[in-house]
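The first chain written gets the first letter, and so on, giving A, B, C and D; residue counts start at 1 in each chain.
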Amino acid sequence: MKKISFFKTILLSLIISVLSFSFVSAKTVIRTDEAAIGEADPAKFSDNIDSVIIFNVYDALVDEGKNGSGLKPLLSTGWEYPDPNTLNVSLKSGVKFHSGNTLDADDVVYSFNRLMDMGQGFSFLFGSVESVTALDASTVQFKTTEPFAPLVASLMRLAIVDKDDVQANTVDGNYGDNGDYGEAYLLSTSAGTGAYKLSEHDPNVKTVLVKNDDYFQGHNAKAPDEVIIKYSVEAATIKALLLRGEHEISSMWLPNEVLAALSKEDSVDLVKINRPGSWMNKLNNRRAPFDDVHCRRAIQLAYDYDALYQSFAITDDLVAGQKASGALIAGVLGYDPNKAPIERDIEKAKAEQAKCKYNPSDYTLDLAWIAEVPYEEPWALQLQANAMELGYDATVTGLPWAKFTEQVSSWENTPHATVVSVLANVPDPDALMYAQFHSSRGGTWMSAEWANDPELDALLEKGRTETNEAERIKIYQAANQVMIDNAITLFITDFVGFQPISKNVSNSDTISTQQQYGTMGRNLSFREMAVN
Amino acid sequence: MNTLQYFLRRIFVSIIVFFGVSIVIFCLARLIPGDPARIALGPFATDEMVEQLRETLHLNESIFIQYGIFIEKLFQGDLGISTYTKRPVLVDIISYFPATFELVLMSGLLMILIGMPLGILSGKFKNSIIDNVARLISLLGVVTPSFLWAIILMLIFAFWFPILPVSERMNEALDPPTLVTGLLLVDSLLEGNFKVFGDAFLHLILPGLAIALPAIGNVARLTRTNLSDVYEKQYIEFAKSYSFSEYRIATKYALKPASIPTVTIIGLDFAFMLGNAFLVETVFVWPGMAKYGVEVILAKDLNGIIATALVITTFFLIINMIVDFVVLLLNPRITTKD
Amino acid sequence: MNFFKSKYFYKFSRNPLSVVGLVIVTTIVILAIFAPFITPFPEHVGPFTDFANKSKPPSSTYIFGTDKIGRDIFTRVIFGYRISLTLGIVVLAIAVPIGVTMGLCAGYVGKKTEMILMRITDVFLAIPALVLALSIIGLLDRPNLFYTMIAVSMAWWPWYTRLIYNITRSVKTEGYIAAAEIMGASKMHIMFREILPNCLPSLLTKITLDLGFVILVGSSLSFLGLGAQPPTPDLGTMVAKGASVLPDTWWFSLFPGFAILIVVLGFNLVGDGLKDMFDVDV
Amino acid sequence: MIKIRDISKQFTIKNNVVKALSNINLEILERDCFAIVGESGSGKTTLANIILGIYQQDEGEVLFENKILIKNRSLQLRKLIQFVQQNPMSTLNPKKTIYSTIALPLKIHKIVENNKYKEKVEELLSFVGLESNFMDRYPDTLSGGQKQRVAIARALATEPKVIILDEPTSALDVIVQSKVLNLLLDIKKKFDLTYIFITHDLSVVKNIANKVVVMNKGKIEETGDTIEIFQNPKSEYTKTLIRAIPTVTDEEDATKP
């Protein structure tokens, strides 16, 4: 009897607890998601969602102004060039890190050295910086080997970490005196000055940010107390959660069919995001047959851009893309909105193919798309169909990201063409073009072209040392033309994203934040957003 | 051979199998081409850094030495660093395994609670309408891929009848209980936090069902066959002639022997369900071992892959030992058979 | 001998479900073989895009609708059966000989051979099939159908070893085995000509059942993105891709999903029929 | 013809050593019908298995026409000693036709030309009194007696000199039993065979064997001519065995020791 009553009690309490399940949440939350896994280390971040985390948790010396208003100081009060190879930045005073420590020039130097010594993330932006020194507690001096025009813009990506806090939590590691550079510590802790603190970071599941009440710029009165970023959630699940009010901001990677369905829902708004970014089908310029410019031109002219554009249609009115006119994209210096897009011409393509020294029937093209982004598959298929028109045989592979980044480290293993999306890391064309197309930059996912064009190299080198803006525009437009003339790569379309957001957060504060920033990851500035 | 000896032997064999699995997975992981260090460090790493990581991971040693180091570390409870999450693998496993464990246990529970009664109904009323319906259900269960179940359940409960949660382990607005076992149901009960308990329980239902449905079919079919076999046995006739009640015959004389083969197969079903968890966790955003497993495999994270395989194997071996023990309880006669 | 009049067929056809299964399997095999002639748009399985007709719901032109690239889903499902059946057949063509040989050796030769072979088998059995296949594919260079086949085979053979081992152990004690040994028949002869024929009913039944389950596991791997590469029409891949757009474009994944279900069901029913027919337990 | 010298054999079953045979010495002459009698467990089957090459003895040796027989013996030696088993249900492979069952030894020992198998099988079947249409049949369509006849035909196929018969009739009913026994006697005469006849049935022994060895617990109780032993058993054990023969008449009973 005793046994039975015990079970009855348990069962009863179970039923009661299930029935009475309801909660009143005291804290406001914004939930968002991303296909990839997140990185919370300021020296390692590189991707879209990593940027979101870092921009909210750390601050840099400079920031992007809204609506393309250029660069503005953030942790700095201003900067000057005493000579073309030197940049002095003066720091804001009294800014506090999450630990309570106060920001000074040593922190900036330490952050820079940490980034460069670890050699990951955005360290590639600072290749021409020779040294960084603290002139005094509130001035930092950057010395470059040559005049380096994009430096200030690049500083947006130098997240400043709390030197004392990180050093106090350093363990033995691969970096000599610097131990592990706080690598282990910064996996799940934040040592920044940002508007949010990292409270939980599981790179495979979710990242949780909580409000930093001491933030020096303050928050929107209705800014969320907590932000949850979830990783690799199925689109159907996201849709369900959005409709149930259990998710606020979706990633930008939802399939068009889902977006089309969401556009009919009242509880969800689609926010159009014009962003400096583009989809490309990156041709491997060093592997036969695409080491011959004629073969590249042939495929460039054979590619069916109209069909591709059609593939971006969500509904009759909404198209998640804009025809591409080259490497320069909206929001980046030098972009010309009036430049005509690239068009298909199959007759010309066949004529070019005839000039190519390779016989297409001898080649099986190895075309790839990134398996994590199913969105990209049709564009690889389109290329396959068009390549076959030219007489090639072609296979299409969905490559997992990790495998792609491994294969791309040697040009022999890099696929003949890979669909990749590239977003502008900073609003400067150098960061975009030099990293992708300079012949010295082969071997990363961004430079799957293994471009090897002396004319282009010369222009790109000139562009980064030129400080006159008007001249720079000319140089980069010329470089853009070389890109097209020599068919360095195939531009699929420029980026227009539609990000569904729930009515929970759909308001002018949130939407303007979403739309008015250009740099990758900058648009999810949670402190400026509002929860209804 | 007495019971104790039997179990010692059983454990011994399990340990051999465990090492066998470790060797198989280890060799697989190391012999196949591709540089895990390069993948781990990402696109911008220099050659020196890759070489340094290769050194740290002992990738330049011969495979025997690598295995030796691996086993030595294993006994120290050190599974190495995951190049995917960049954390110690042990941390990953501690945070993901309980979720999968809880889920598979739930599936096991559903499998037994639904599968056995379904099979009993079928076997008891053989060739009636009840039997045919039950058989159809179990057949559909068996032949439908788990991921299809997941999608169907997701469709039904996410869009049409939104009464059950379709993602994660608990509502994130609730405060999670203090971590003791990692099993939310247990931890919340320990704290007396019934709200979390109920919430976690609701979250378990759909993914648990998606994993269990194929196994439910299996268990139901087996129970049916065994039960009808047993009902044809003489001692049941005997019991009937003593005019024992139907219920008593069913529970006391028919069910116990009929359940032995079913219980035996449950061990294998658990292995099967663990596999299915790989498919279902992705759909229901379950932060478990399986989702982690898929990710580390894609990322060629050697330590992660080996650890995942070993944890799952160990779990499987333990479940099988428990199953053997239950079979022994049901029928002590089978002990000493060599 | 007329098979349809034999007692075997009588036993088989006594259960109408088995006959249904046979009809399903035969139909699918015929559809798969003659796919290029039966399907309305055979060009849709190759490198083909038609974005103007993308995501069209089922209609009289496209009876299962079109996918996001504008391809006819019906055509792709039928061609998908080709892939699935090939996968099933190739996997079993690799797994069965390995499993059978190991089982015969372990069961007949006995002693140390038995110990070693059965422990190896236990090791492979201790890793869930899907997990093992997943690890193997994941570790290989890049996913493709061939690797999937190899990986599934590696996970599958132990079940045949187990089955054949158990049968061999019981057949081994039969008088005719001793007679053959005394006569001086070779071990190979005894294993493959005396014992193996006695395993055939169970083997055939298990193979039939497994054809369905291999297709199921294969589609599960494709679902996780580790199967045939596009544009090859693979049923599991189609379900996986379609799953993300449910319930709006339900035809993306529902038809391929049911296609998998039907073929697995077909083989299962036939297998059950064979079980009754041969009176074996696998 | 067969000399058995000091044979011993023991088995280990679950840590217990069982002495199956100890110090067995026997001599079987050509054209003998040599009966080995004993209860189950007496070691008679073990002895047969050693002669057949299924087991290897621990000690002692078996000589066949002065050649030493070991377990792994040449095909040449295997051919000369054949075997008919007790259980007709298991003696034939159910998945093989009668033809292929009988043709197997022909093929292994290359008794006839490749194209003559069929005729030879037909001939062998006729020796054991079966029609040639049995060739295409499967064992499950045969009666117990017919199966034993096939087994005998198979044994004859290698043209052996010795056939070991392990209770060949014990599983058959009485009428079939006597028919098979008569067939065996006919064949023996026809092919000049030597029989080693293993049985526990002394009444059969009395009718067909000329020599007997009585075994008990792995040892020889006594051995000698059949008539001698039946009339004058020396060991108590043999006496007990003989007394146990079921009899029909008092006269018969009176002949018991």
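Quick note on the criterion: a residue touches a chain if its C-beta (ideal position, glycine included) is under 8 Å from a C-beta of that chain, and two chains touch if they have at least 3 such contacts.
This one's a predicted model, so the numbers in the text were calculated from it and none came from an experiment.
Most remote from chain C, judged by the distance between CA-atom centroids, is D.
Annotation: 49 Å between the Cα-based centres of chain C and chain D. Measuring from the averaged C-alpha position of chain A to that of chain B gives a distance of 38 Å. Per-chain CA centroids place chain A at a distance of 43 Å from chain C. Averaged Cα coordinates give chain B a centre that lies 23 Å from the centre of chain C. Residue positions of chain C touching 2 or more other chains: 243, 246-247. Within chain A, residues 234, 236, 371, 400, 403 each touch two or more of the remaining chains.
For chain D, the set of residues that touch two or more other chains is empty. If you check each pair of chains against the touch rule, the ones that pass are A-B, A-C, B-C, C-D. Note for the complex: chain C touches chain A at residues 47-52, 54-55, 68-69, 142-144, 225, 229-231, 241, 243-249, 252.
By the touch criterion stated above, chain B contacts chain C in their complex at residues 13, 16-18, 20-21, 24-25, 28-29, 32-34, 139-140, 142-148, 151, 154-155, 159, 271-272, 274-276, 278-279, 282-283, 293-294, 297-298, 300, 305, 308-309, 312-313, 316-317. Interface residues of chain B, counted against chain A in their complex, comprise 34-35, 38-39, 41-46, 49, 52, 56, 84-87, 92, 95-96, 151, 154-155, 158-159, 162, 166-167, 171-174, 194-195, 197-199, 201-202, 282-285, 287, 291-292, 295, 298-300. Considering their complex, residues 52-54, 75, 78-79, 81-83, 85-87, 90-96, 101, 104-105, 108-109, 151, 154, 158 of chain D touch chain C. The residues of chain A lying in touch with chain B in their complex are 13-14, 16-18, 20-21, 23, 25, 27, 29, 31, 37, 44, 46, 119-121, 123-124, 174, 183, 187, 202-206, 228, 230, 232-234, 236-237, 240-241, 243-244, 246, 371, 400, 402-403, 405-406, 408-409, 443-446.
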